[in-house]
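Both complexes below contain chain A, partnered by chain B and then by chain C.
Moving on to the complex of A and B:
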């Protein structure tokens, strides 16, 4: 099992650090999965974390100038590590202006991700700062828990309003209530609602647009007007829907569904807030799929990063 | 503006309809008096008065005249209701209460009458929020019976200078003592308006002379020394921060009135007023 990556470009380093920071806002610990092409940050929905699950996908080539890895075996060429993103984020923050940063899987007193940064120096001697971030190696037998979540058989899919506006609204609503109802329909309308003994508040967003996850013979695609990597992302993100019954139900549901009818989910407002707080950059696409009274599936697409976040419904 | 598209029919059911192009003009003033949850709204054709009280010892009033509102329709001579002020403020700032120029939250506030909620329609950038805040049985506000005819001493200051004084006050002191005097009772100072604290690390005095640029008006009839609980006066600093001028008055019973002149984003003038009872045991400090 070997892993060694090197980032030279400052922009890549900043971007990588932002992604890790975003993840650190969402969860205390998560699993980092390394494959020859990708890095994944995965949180599987367990009761201990309120049933929230997360799937974040990065193309290593967009971040790393060098990337070498050797998985547990040639058959399973992957590495699964349990990490505390907060620690990794802190390590990366202190090396923001480094000339180059190496990330290595090392064996010190315990398995560590070693972040070694070469800092600019005025003399000919280079300065190197090393952070050892302890990790735990996830045994092969547990890997099945960290598979890509399947696309839920949603009732409504809708683009999210500007996340900043949404965050402001959710922040205030959180002061007033612990739970929030998120509802949306196929006419591009989304409402955020709270109701308590003292007050009821509803924020109405409209003209948001509904992504049409139109069914084609191939995998389900999101028709993005401009040519960009997102198309590929979404395609790759949703292989489960492409062949299963879900797909046909999907297409069917979306077409036969009353465009005004709301699909709603009542969620723990803190989970939604966490998701909104973490967003450091405006994604090129932000959308959400709602399975009536069951789950909210939030999807953010950046150029080279995709983040999926699932918030389960509460009674 | 989407808010004005509210159907006329619905408007007719309301006994009170007000609208503001910038909700901050209301939320800022309410913030200045938000030290307790319950606020009594008293509405007359002249405008809106919002009252908050604590311990039956301190009362704050924010006055928003009818002409501050773009629309102010009232169908009765007097409408009174009570709402939770913290909730109301959260609702008014639902879009984050942005201070950047060009972005403002439009507000339409309606009330159908006794037993009905206070309904707010807020709009910013095409997004509309509807809030229904349940109203409560209004409590009769205390009448502090503070008449201008009974005023003994009065000073008007630039808020700037009082802000500075308050920021330097020793908050370990339980009391704030205010001395106003027409003469020069102290040996070393020409002290006319004096704020004193008596904290754990000693006493501190903050004084203003009559000639100070910060003093706009000074009208004292007799020397008066009163003590007020710091905890009661502390919330008034919120109003002080917002205001440009403050009038400090005491009456013959030692009651304190602080009137703050607040200029809103649009340059209009509103008032916030605090009344505070003096602490009972006034001993002569030797």
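Moving on to the complex of A and C:
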């Protein structure tokens, strides 16, 4: 197992560290999967982390100038590491002005992801800083836990309002209740509601637009943006259909649905807030899929980064 | 005593008090013939700081030479006088410091713009002289640099890092965070500075010392705002490190205890067999560009091993790391009880000796007095006045 990547471009470095920081706000530990083309940060929905799961996908070529890796074997050319994204984020934050940054898998007192940066200095020699972030190597037998989550058979898919607005609303609501009901329909309307014995508050959003999930088989292509036609069209695959039963996905639940009917999910408000507070990706598109009384699937897209976050419903 | 500080010097005084507040809870004030001395010491006596403002720093400096007056007061209350350094600079034109011995009060009067007058009456306690004994001129290694260099260095260490280890060779200085248990899962950060980044770099002995970062940050804040060069004097492990700033009208010295390696068990001590070779000889900077990926190989069992703890942990250290809780504090507290405690460094900061407990010979170098070893900070203050 070998891995070494090098980032020279300041914008790439900055972007990369913002992605890692976003992840660090969502989870204490997660699994980092390295493949020859991609980096994934995965959190599988276990009870211990409140049932939330996360899938973040980055195209390595968009960040790294050099990217060399050798997986566990030629058959399984991947590396799976359990990392503490906060440490990684901290290491990257201090090297924002570096001339170049290397991220490599090293064997120190324990396996480490070493972030080595060449910093500008007052002398002819560069200043070199290294951060050894301890990681754990995830054995092959556990890899199956970190597969891409399947696209839920959602009832409603809707674009989110500006995340900052949403954050402000959720921040206020959090003071009043621990649970929030998120509901949306196919006419571009979404409501955020809290209900307690003393007070009921609802914030209504309208004209948000509903993404059209095209007819596909296998991996779903992300919808062509309807609201912002200028944004870069993302054609990279994100969610997979679990069954390959594309028809039910495409038409099924959503098309035969009454456009006014709301699909709703009651979620832990802290989980939603965490997602809204932490995100630093400035997504070009943000949307959410709702499976009635089951799960909220949030998707952020920004160039070649996609972040999916699943919040389960609570009774 | 009556002194007047004007103009930009008010800010310098304010910054000095703020950096002293990083050390201890009390401010020791002693008007001397050669200037006003402001000092502080932490409760475990492992850190001491002193600023001496020469009479020329003040636009007026009157003291009664016949009386040796000394006092101490809560540093928090002095900080409130100079609370916001930013607004201080804009609004305060003059600061009077006056002693009212009849009422046991030290009065700070700030003359602000538009004739606004702010008066703070602070009560004080008498105290003995507080004077650490150190002789920085006898130190083997001396460095001088613009504070910016050290600010850019410490910025790489998160605030949670308490101690750093500084290792020096003829041409380089390495700074890394100090981790007591090599097997802990703490992040390790190391930074290498070349000698030519310093204004002065004189190494006579290759030492590796460990001291607290908090106080260094305090002095750096002062040095950076005043733009004064910072000198660093260091010697063998166990003898304090001295950080100082000097100017024609002021002098600041911070004396910080270093971790001693009395037991020669200190894992990161140079020459110790436990010291990891790659850490002892950190790679030269040019390696950064030319390293070979093969050197970063992690040997791993790649077969699909059955069972949950499959991967036959490649190294014992990994296995050990799994067993050891990552919580550093827990490790620290129990380190002495751990079975192979002899591998673990005994965290002992040697306290600094004070003039008041020794015969009054001001510039004696470190006396070989039985060491007063102090572990972590203990109960409240236990100054010699008590």
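Here are some notes:
Just so it is clear, the second predicted complex is superposed on the first by the 284 of 315 C-alpha atoms of A that agree within 3 Å, B and C clash if a C-alpha of one lies under 4 Å from a C-alpha of the other, contacts with A are read in each partner's own complex, and residues count from 1 in each chain.
Definition applied: a contact is a pair of C-beta atoms (placed from the backbone, for glycine too) under 8 Å apart; a residue touches a chain by one contact, two chains touch by 3 or more.
What you see is a predicted model, and the numbers here were worked out from it, not measured in a lab.
Look at chain A after the overlay: chain B and chain C fit there side by side. Of the two partner chains placed by superposition, only chain B is touched by A:203; chain C is not.
When both complexes are overlaid on chain A, the residue A:315 reaches neither chain B nor chain C.
Of the two partner chains placed by the overlay, neither chain B nor chain C lies in contact with A:11. In the superposition on chain A, A:68 makes contact with chain C only, while chain B stays out of contact range. After superposition on the shared chain, chain A has more residues touched by C, the comparison being chain B against chain C. The minimum CA-CA separation between chain B and chain C in the overlaid arrangement is 6 Å, rounded to the whole angstrom. Residues of chain A that lie in the contact sets of both chain B and chain C are absent, per the superposition on chain A. Looking at the complex, you find that chain A touches chain C at residues 1-4, 68, 72-73, 76, 87, 90-91, 94-95, 102, 104-112, 114, 116, 118-119, 121-134, 136-142. Contact residues on chain B toward chain A in their complex (touch as defined above): 84, 86-87, 90-91, 93-96, 117, 124-134.
Taken in their complex, chain A has these residues touching chain B: 161, 164-165, 168-169, 171-173, 175-176, 197-207. Across the interface of their complex, chain A is touched by residues 149, 152, 155-156, 158, 182-183, 185-194, 196-197, 276, 278, 285, 288-289, 293-294, 296-300, 302-311, 314-315, 317-318, 321-322 of chain C.
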